[in-house]
Amino acid sequence: MPDLAGIVIIAAVGMAGYWLFPDNLALLTRIVAVALLVLSIDLVTGYCGVATLGQAALFGAGAYAAGIACVNGMTEPLTLVLIGAVAGAVAGLLMGSVMLRAHGLAQLVLSIAIVQLFHEAANKASAYTGGSDGLSGLMVSPLFGVFAFDLWGKTAYLFGLSLLVFVFIALKFVVSSPFGILCRGIKEDPIRVRAMGAFVFPVLLKMFAISGAVAGIGGALAAISTQVVGLDSVSFELSANALVMLVLGGLGTLYGALAGTVIFMGFEHMVSAINPFHWMTMVGALLIGVVLAAPSGLSGLLGTISRATTRGKGGRG
Amino acid sequence: MQTILSIAIDALAYGMALFIICIGLSLTMGLMRVVNLAHGAFAMIAGYIASYAARDLGLGYAAAILLAILGTIVISIPLERLLYRRIYGSTELTQVLMTIGITFCVIGITNYFFGPTLKTIPLPGSLSQPVDVGFRTIAAHRLFVIACGLLVAGGLWFLIEKTSFGIKLRATVDNAAMADALGVRTQAVYAISFTVAVGLAALGGVVGAEFLPIEPYYALRYMVTFLVVVSVGGAGSILGAVAACLLLGAVDTTGRYLMPDFGNFFFYAAVIAIVCVFPRGFFGRAG
Amino acid sequence: MKAAKRILGVAVGALMLGASSVAADTIKVGIIGPFSGPFALQGKNFQAGVEAYMALNGKSVKGHDIEVIYRDLPAANPAQSRALAQELVVKEKVQYLGGVYFTPDAMAITPLLTQANTPLVIFNAATSAIMTQSPLVVRTSFTTAQTTTPLGKIAAERGVKKVISAVSDYGPGVDAEVAFKKAFEAAGGKVVEAIRMPLNTNDFSPIMQRVRDSGADAVFAFLPSGPTTLGFVKAYNETGLKQAGIKFFAPGDLTQESDLPALGDAAVGLLTTFHYAVSHDSPENKRFVEAATKAIGSADQLSFPAVGAYDGMHVIYKMIEATEGKQDAQKAVDAVKGLSWTSPRGPVSIDSETRHITENIYLREVVKGPDGKTYNKEIQTFPNQKDPGLATQ
Amino acid sequence: MSPLFRVEGLTKSFGGLAVSRNISLAMSEGERLALIGPNGAGKTTFVNLVTGQLRPSAGRVVLNGEDVTGLGAVQRVRKGLVRTFQVTRLFSDMTPEEHVTLTVLQRQGRASRILGRFHGHSEVSDEVGAILRTLGLLEVARRKVGEIAYGQRRLLEIAIALALRPKVLLLDEPAAGVPAADTPRIEQALESLPPSLAVLMIEHDMDLVFRFARRVVVLASGEIIFEGLPSEVAADAKVREAYLGNYAHARSVA
C-alpha cells in the first residue's frame, strides 16, 4: 500500500479531532466534506495542471443527486454516497469535455461559466432542488441500520472520516498508477506526452471523471450530514474558496489539499468565533502571509524546510 | 426599431461602464501577467473616496472623481511596493492567493471604517436628468459614461502605441531582461503601468457606480464579471476589451430584455461559446 | 467609524462576558446571523435588536443571567448553519437558538431541535414552510406572502387594472410574485406578465423597457434588500417610467430604511407594504429606535431585522420566564403560543397553530422629511395579518 | 524494394511565407541520414511536419506504404514514427527510470490504467534497465531529471524514443547544448542504435554528421538543395552559397 504512514497519520489526526473536539463534530464533518472537494481539485489542478474555479459544480451535482434520491425514498447512506459519486463523475465528464477545449485563463473562465450555469439550473429547477430555499427534509436512514445521523454528529463524522480515508487511499493508488504518472507528465508537458504516443484528452477526461466522483462523494456527505442541500453547494464562492485552500496547502501532493482545508477552515472558524464581524480581514492577512512566507503553499514550505534540514545534516535524499 | 435602438443604447452604456473598470485589469493581466483579483477592490476604494468627498466634504463631481483616482493610487503605491512586487512572475495560482487575500483585507477594512451600507456618489444636476435622445429618454449620466469609455480607449491607445513610455512598456512585456539590458527601468515601467491600471479601476469604480453600486462586498461580487470580460476580450488588448464589453453588454442586455428569466443562461452560454471559438479571447496576445 | 468601533467593543465585550461568566444560573442564547459578508448590515441589525432589548429589559430573567453568543454565517450555507447550531447546542450549551437570516439555513437547523431540546426563534428567514419542519420553531419576523398580500388589494383600489410583476428569481421573489398575483387577481386586477430576474442583474434598463412594452399601469417588484434595489429603482426613474405615470408597488424589503439614503430622491413616492417602519409612531417604537440606534451606532443603518430580533428576544425572555430557566423546549414553545404584546411595530401575537407572528401590515409611502431625509411613512394599516402561506396549508 | 518511409512534396506556409517547399525524400530500413542546413532553413519545421505537430499545406508522409498525413502526432508515434526534441522536453521532477517506464507502459497500452502498478512489472523493468544501460544512464536512473547533467538529459530523450521501438527515428539536434566533453557519449549512443532502424538526424556538429551519416540532405530556405554523400557536401556550390550567404546575412542583423 502506498504511503501507509501518511494514511495512518490522517486517520490518527481525524480520530484526535474526534476526541479533542467532541462538541464540534458538525464543523469537523463539514471540513471533511470540503476536504473531499479540495482533494478533487488537486486531482485536476495539482496533477493535471488544469486550474478550475468551478469545481463546486461537481460537488453540488453529488449533493443534489444524493439529496433528491433521499427525498424520493432512497435513504440508505452508502447508496446515497454512491449516487453522489456517480452524479459527480457524470458532471465531471461534462465539465471536462468543455473545459479541455481551452487553456490557461480561458479555461479558468470556462470553469466559472459552467459553475454559474449549474447554479442557475439548480435555481430554476426548484421543483426538484428547492431552489434558493434549499432542498430540505432529507431523512437519512441510520448507517448499517444502527447508527443514526443525530444532533451530536458522531455517526456523520466517523462516516465522513472513513469515507475520506477510503478515498484518500484510493487516490494514492490512482496518482501512483501509470495513469497518475501520465497525468503528471501531461501537467508538465503535453507535447512530450503526445510524442510518447499517448493521447492527452481522454486521459484528462478520465481524471475529470474521477475528480467528479470524489467531489460528488463530498457533496453527498454534505447532504447526508446536513440533511439540507443549498444553492451554495454549486456556487462560484465555494469553488473559489476550495481552490484557495488547495493553493494554501500546496498542489499536487494530496496532503496539501487536506492540510489547506483544515488550516483555512479551522482558522476561519476560530477567528470568526472570536470576532464574528471582522474575521475576513484576518483570513485575508493569512493568505497574504502565506504567499510572502511560502509561495508554493504550506506543504511546499514543509518540503523546503525538510530539504534544508536534511542538507544541513549532509544527508542525501 | 425603436426598441432595438433603445436596447442598443442601454447595452452601449453598460458595456462602456464595464470597459472602464475592466481595461485596467486587462492591462495588468495581459501586459504585466498578474492575475489581479483585487482589481475590483481598487474600484471600490475609489467609490468610497468619491462618495466621502462628494457627500461629506461637499466637493463637486469632477473634484470627487479626481480625488478618488489620486487617493486610490496613493493607497495602491505601498501595496505595489510591498505585496505586488513579490508576485510579479509567480505562478498564476500564487497570484490568485495573494490578490484574494488583499481583496478580503480591503473588504474587511472598508466594512470596519465605512459600515456595510450602500454608498452613493451624488451626480451633478446636469448628469442626473433624463435626456431626450429622440426615440426615448436616457439618463444623461449614461451618455457621460459612454463618452468616458471612448476617451479612455483612445487615451490608452495613444499611450501604448504612440508614446515613448508605450514603447518601453511593450519592450518590457516582450522581454523584460532584454529591456533591462537596453536601459529601460523595468521596475519603474511596472510601477507606472500598475498605477495606470489602478487609476483606471478608480475611474471606472466612480463613474460605473450607477451600474455597480458601491458597498463593501463590491470587490468580490463583480470579480467574476470582470475576469470574464477580460478573458473574452483577450488580456492586454484594448480593442479586445472594447469588443468584449460591447458584445457581452449586448448579450446581457438583449437576453435580459427578450427572456429575462434566462438572462444568466444567455450570458454564460455566450461566454462558453466565445471562449471555445477564441481560446485567447478576441484579440489576445499569443503566449 | 466611531460607531463601528463601538460595535466591535460591544461584541468583544459580550464575548469576554461569555468567557468569564460560567455561573450555573446563566442561560445562554445562541444567535446565528450574517455578521460579515454582503449581508453584514442585516446581521448588525439582529445584534442591535438583541442589545436594545437587553438594554431596556435587563440582562436577567427571574434571576437567571442571559448571555448571548453570536455566530457568523455570512451567506446562505446550510452545512455551516448546521455546524454552528450544533456547536452552540453541544459545546456552548445554549438553551435557545435565535436569528437566522436565510431560509435554507433555518431548514438545516430544524432537524436538530427536538434532540437538542432547544427552541429556535427565527428573527428573519421568511419562507412559510420552515414552520412545518419542526414544532419547536417560533418566528417573529414576517413571510413574504404576509407582507405582500395586502398590496394586491391596494393596487386594485388605486385603480390599477394591469400589472407587470418583476421579481428576483429566488424563493422569496417567487413567493412574492405568487402572493401578489393571487391577491391582485382576487381583487379583480390582472397580472399581464411575470418576469423573474436573475439575482445578479446589474443593469435593469432592459427590464424597464419590457415594463414599458407590456402596457401595464403599474409594476410590482420584489428584490432582496441591498445593492440591486438601488439599480432597480434608479432604472425605474431614469427610463422615464415614473414620469410616464406607471405606478410602483413592492413589499417593504425594497425600501428598507438602511437603503433609503442611497436611493435618495429616486425613492420618493414608492408604495410598499411591510410589517415595520422605523418611523412607526408609538412610544414603544420610540424607545426601541433610541436603544437600537445606540446599539448599531448610526440611525441610517437601522432596519427591519432589528425589530424581528427585538421581538425574538421578547419571546425568548417569555420562554425563560415560563420554564424557570430549566431546559424544556416544548414547554417553552407552548408558553408563547398565543402570546400577545405590543411590539415597536404595533400589536402582535404568536399564532398558537402556526407559531408564526400575527401582525399589522402597513402601507407606506416614501416621503421626504423636514430634515431632507427620506423615510417610509405609514399611510394605511391592515391589522392582524396572519401568514396566508401557512393558513392555506 | 519500396522505401520504409518517404515524404512527397511536403509544403508548409504560414500566411504567405513558405517555410517548407516541396520537400521530398525517402529512407529505407537501417538508413543513417543527416539533415543539415543553416539556421532558419526549416529543419525543425520539417520534423514537426513529419511527426504531425504541424499540418502540411500540401504533400504527404508515407510510412511503410501507408499514408499517415491525415493522422495526428500520437497515431504516427504509435505507427513507429518517433522524434526527439531539439530543446529537451522532459518532466523535471521525474527520474529517467520513470520516464522510460512510462514510455514502455504506453507502448504496451498500459499507461492510462488506473488499476495497475507503475513499478514492479519485472519484464518492464528489465526492458527499462536494458535501455538505460545501453545509453549509460543507469547510475542516474533514480535521480530527478532536474538534477542530472544536460548531456544525460539528451540521452534520456533518445532513451524515451527507443522505448517506443520506432521504425523511423528523427533526432532533432541530439548534441545541441551538450558540452564538448560529453559529445562522445552521445556519439556512442548513436552508434548503438538498432541497425534496422531508419534514423534521420538534424545536426550542426559536422564532425558528428560525418561520422554518423551515410547520406546527407541539405535544406536551405525550406528547400532541399543537396542530397548525396557526406564527402560531397563541402564541395557543393549551392551549399557553400547557402551557408556563407546566410552567415553574412546573419551578421548584418546581429
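Every chain is named by a letter (A, B, C and D) in the order it is written, and numbering of its residues begins at 1.
Following the convention adopted for this analysis, contacts are C-beta pairs under 8 Å (C-beta built on N, C-alpha and C of every residue); 3 or more make two chains touch, one makes a residue touch a chain.
These are the chains along with the protein names UniProt gives them: A, B = Branched-chain amino acid transport system permease protein; C = Branched-chain amino acid transport system substrate-binding protein; D = Branched-chain amino acid transport system ATP-binding protein.
Just so we're clear, the structure is a prediction, and the values are computed from it rather than from any experiment.
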| note | Contacting chain B as well as chain C are chains A
| remark: Co-neighbours of chain A and chain B resolve to C
| When you take the mean of every protein CA atom shown, which chain's own CA mean is nearest to it? | A
| query | Of the other chains, whose C-alpha centre is the longest way from the centre of chain B? | reply | D
| Higher C-beta contact count, A-C or A-D? | A-C
| request: Give, as an integer number of Å, the spacing between the C-alpha centres of chain D and chain B. | output: 48
| request: Could you please state the distance in Å, as a whole number, between where the Cα atoms of chain A are centred and where those of chain C are centred? | output: 35
| query | With chain centres defined as C-alpha means, what is the inter-centre distance between chain C and chain D in Å? | reply | 73
| query | If you average the CA atoms of chain A and of chain D, how far apart do the two points sit, in angstrom? | reply | 42
| query | Got the chain B residues that touch at least 2 other chains? | reply | 108, 111-112, 220, 261, 264
| message | Please output the residue numbers of chain D that touch at least 2 other chains, ranges allowed. | response | none
| remark: Flagged in chain A as touching 2+ other chains are 120, 124, 237, 277-280
| field | Chain pairs in mutual contact under the definition given at the outset | value | A-B, A-C, A-D, B-C
| Given the complex with chain A, which residues does chain C contribute to the contact? | 7-8, 11-12, 15, 35-37, 40, 43-44, 70-72, 75-80, 82-87, 89-91, 103-105, 107-108, 110-112, 115-116, 127, 129, 133, 169-172, 174, 198
| said: Applying the document's contact rule, which stretches of chain B touch chain A when the two form their complex? | reply: 29, 35, 83, 86-87, 90, 92-94, 96-98, 100-109, 111-112, 220, 224, 227-228, 231-232, 235, 261, 264-265, 268-269, 271-272, 275-276, 279-281
| task | Within their complex, state which residues of chain A touch chain C. | result | 22-27, 29-30, 33, 120, 123-124, 126, 130-134, 136-137, 150-153, 222, 225-233, 237, 272-280
| Which of the residues in chain B end up touching chain C in this complex? | 3, 6-7, 10, 14, 108, 111-120, 122, 130, 136-139, 141-142, 210-213, 215-218, 220-222, 225, 252-254, 256-257, 260-261, 263-264
| request: Would you pull the chain A residues touching chain D in the complex into a rising list? | output: 173-174, 176-182, 184-185, 188-189, 191-192, 194-199, 202-203, 206, 210
